[in-house]
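Going by the order they are written in, the chains are A, B, C and D; count residues from 1 in each one.
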Amino acid sequence: MTDPDFVQVFTTGGTIDKEYFDAKSAYEIGEPQIGALLREAGVTFPFEVTALMRKDSLDIEDEDRALVASRVLESPSTRVLITHGTDTMAETARAVAAALEADDRDTTVVFVGSLSPARFKATDAEFNVGFAAAAVQTLPPGAYVAMNGRVFDPHRVRKDRDRNRFVAVT
Amino acid sequence: MTDPDFVQVFTTGGTIDKEYFDAKSAYEIGEPQIGALLREAGVTFPFEVTALMRKDSLDIEDEDRALVASRVLESPSTRVLITHGTDTMAETARAVAAALEADDRDTTVVFVGSLSPARFKATDAEFNVGFAAAAVQTLPPGAYVAMNGRVFDPHRVRKDRDRNRFVAVT
Amino acid sequence: MTDPDFVQVFTTGGTIDKEYFDAKSAYEIGEPQIGALLREAGVTFPFEVTALMRKDSLDIEDEDRALVASRVLESPSTRVLITHGTDTMAETARAVAAALEADDRDTTVVFVGSLSPARFKATDAEFNVGFAAAAVQTLPPGAYVAMNGRVFDPHRVRKDRDRNRFVAVT
Amino acid sequence: MTDPDFVQVFTTGGTIDKEYFDAKSAYEIGEPQIGALLREAGVTFPFEVTALMRKDSLDIEDEDRALVASRVLESPSTRVLITHGTDTMAETARAVAAALEADDRDTTVVFVGSLSPARFKATDAEFNVGFAAAAVQTLPPGAYVAMNGRVFDPHRVRKDRDRNRFVAVT
């Protein structure tokens, strides 16, 4: 039986994991950062990090979303944290919400990412992951987007690219 | 009428605000860090930071706790975030819990701090404040301690000084 | 008359100034970082930062090198620090060395950059700029490349892209 | 025979190595930071770090200074970098200068430290160590103080505690 406090963490890539490779003069998605970030924060809840893919959010396709949803349904944990690029985070969250509903699953899934890479000095990554870690432990079952210090229903949120933030859609 | 999303932030000092003053070769509690931290994280909920005191947790006395509790009751906000030193955080949270109950108040109050100063490169401050910011928005009314990635009932938590972490007391 | 301690700083772009623009999901060369870096380090020598261009090192052309050289010769300062991308840093330094020689100028010019952007938590930028700041104050007239904790003659150095470091060429 | 590029690093403590121990609510001198700092900067010169003591600069006594001087004289390296607290850095540097002169030694010894701990986000540690690393490779034999982006003769420098910086004394 799974420890009820256990948090399954899936990573898919996105800005939070962007690294700079000087040899190529290019930024690419590097190793997932969330595991080290949780350890440095000294969290005492049990967790496991599994990298599902390393993609820019704009490159995530329907089959990727299907994979994420199926991995959520397969997980014995009722608390799942997913790091994801910001541009299509809401879309993947909606796919997972539909899968949870179709399967009648009582799982809380929180999507999080960052607008600035975790490797930067000035980044929202630590704050955002902390925020999402509380959200996944306190929210009722369902799929959520946790960005900019707010919890959003994935059907009622969009990324305002000009202002570089997530805003509620009514 | 208050914006229901508004978060009142009170600061009392503690490790999170520790600064190093070379002129005195000593660490002292400096300017509250949480305001800058929330701004750098790009949060979009409205908040206001008010410094109530600048004390090491071990120096917080009953009259300080009474002041914190009265400021919570006076606040029009139903969401209050309080930064506090870790050694007596639970004790102050219990005082606030008692005040909320006596006054029959539907306010969610979350205490948070950090084990390493926010000014350090390696610190739990950003994660913890992010965690507490979600907790204060999602938890039912009451007073809580949010540390090490967990939400604690202030009557059932203690700081394990040897392991430098908060643990549940049963 | 110029203060003999005055250091003229020119910036040309390169990895040291790379920033991440989430709106474009791309890294580009942002504001020069060296001014803020010198101020945060608390240096007490007088300096002035002038941005000559914002280019990836691989995009620097002969006319850019001619511009850099002419600005060095025009400067009243005998100490010039130049931030530059790493891939063609040595080539620009050789152009400046030739100009100094042709003009019989007693100016010390030190080229510096970083292999990881200054905005990253893990970066060689602060160390490298500190290193270059000492080099420009202590070395005899001439043009130098200062990278990886070493001073190189620009005619005897190359960037080893595979090992991501500068190495002496004999 | 010693590699002429080899840099011997001695550490004595000081602000650069200050760490915060929450269990004691106190800052103390922790592990020397300079080794990790040099490795993160990617320096390619050979070096070795030896911790001689872990003291606040104000606690360094004449016998400590004698020990530092003797270790400098015993070292086969002609380049020695010493991290030291800032308050009495110049005094120890003068002791080493006297020892070098008495022994007629052609060794370049550079003292460096930081006004803010290396573990802080905002610190002069990386810059200062970079500056000192260049100074020790480029300066003629003798003992020097390298702080605030300047090289000082230890007989002509003092720490201006009010302005928290090193200034030349004429």
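The rule we apply is simple: contacts are C-beta pairs under 8 Å (C-beta built on N, C-alpha and C of every residue); 3 or more make two chains touch, one makes a residue touch a chain.
These numbers were taken from a predicted model, which means no experiment stands behind them.
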{"item": "Partner chains shared by subunit A and subunit C (touch criterion as defined above)", "value": "none"}
{"item": "Per Cα centroids, the chain farthest from subunit B", "value": "C"}
{"item": "Rotation, 0 to 180 degrees and nearest 5, that superposes subunit B on copy subunit C via CA atoms", "value": "180"}
{"item": "Interchain centroid distance [CA atoms averaged], subunit A/subunit D, Å", "value": "45"}
{"item": "Rounded Å distance, subunit B centre to subunit D centre (Cα mean)", "value": "39"}
{"item": "Separation of mean Cα positions, subunit D and subunit C [Å, integer]", "value": "26"}
{"item": "Where subunit B touches two or more other chains, by residue", "value": "115, 121-122, 164"}
{"item": "Chain pairs that touch, as defined at the top of this document", "value": "A-B, A-C, B-D, C-D"}
{"item": "Of subunit A, residues touching subunit C in the complex", "value": "15, 18, 20, 22-23, 25-27, 56-58, 86-87, 115-117, 119-122, 161-162, 164"}
{"item": "Complex interface listing, subunit D residues touching subunit C", "value": "37-38, 40-45, 115, 122, 124, 126-135, 137-139, 146, 148-151, 164-167"}
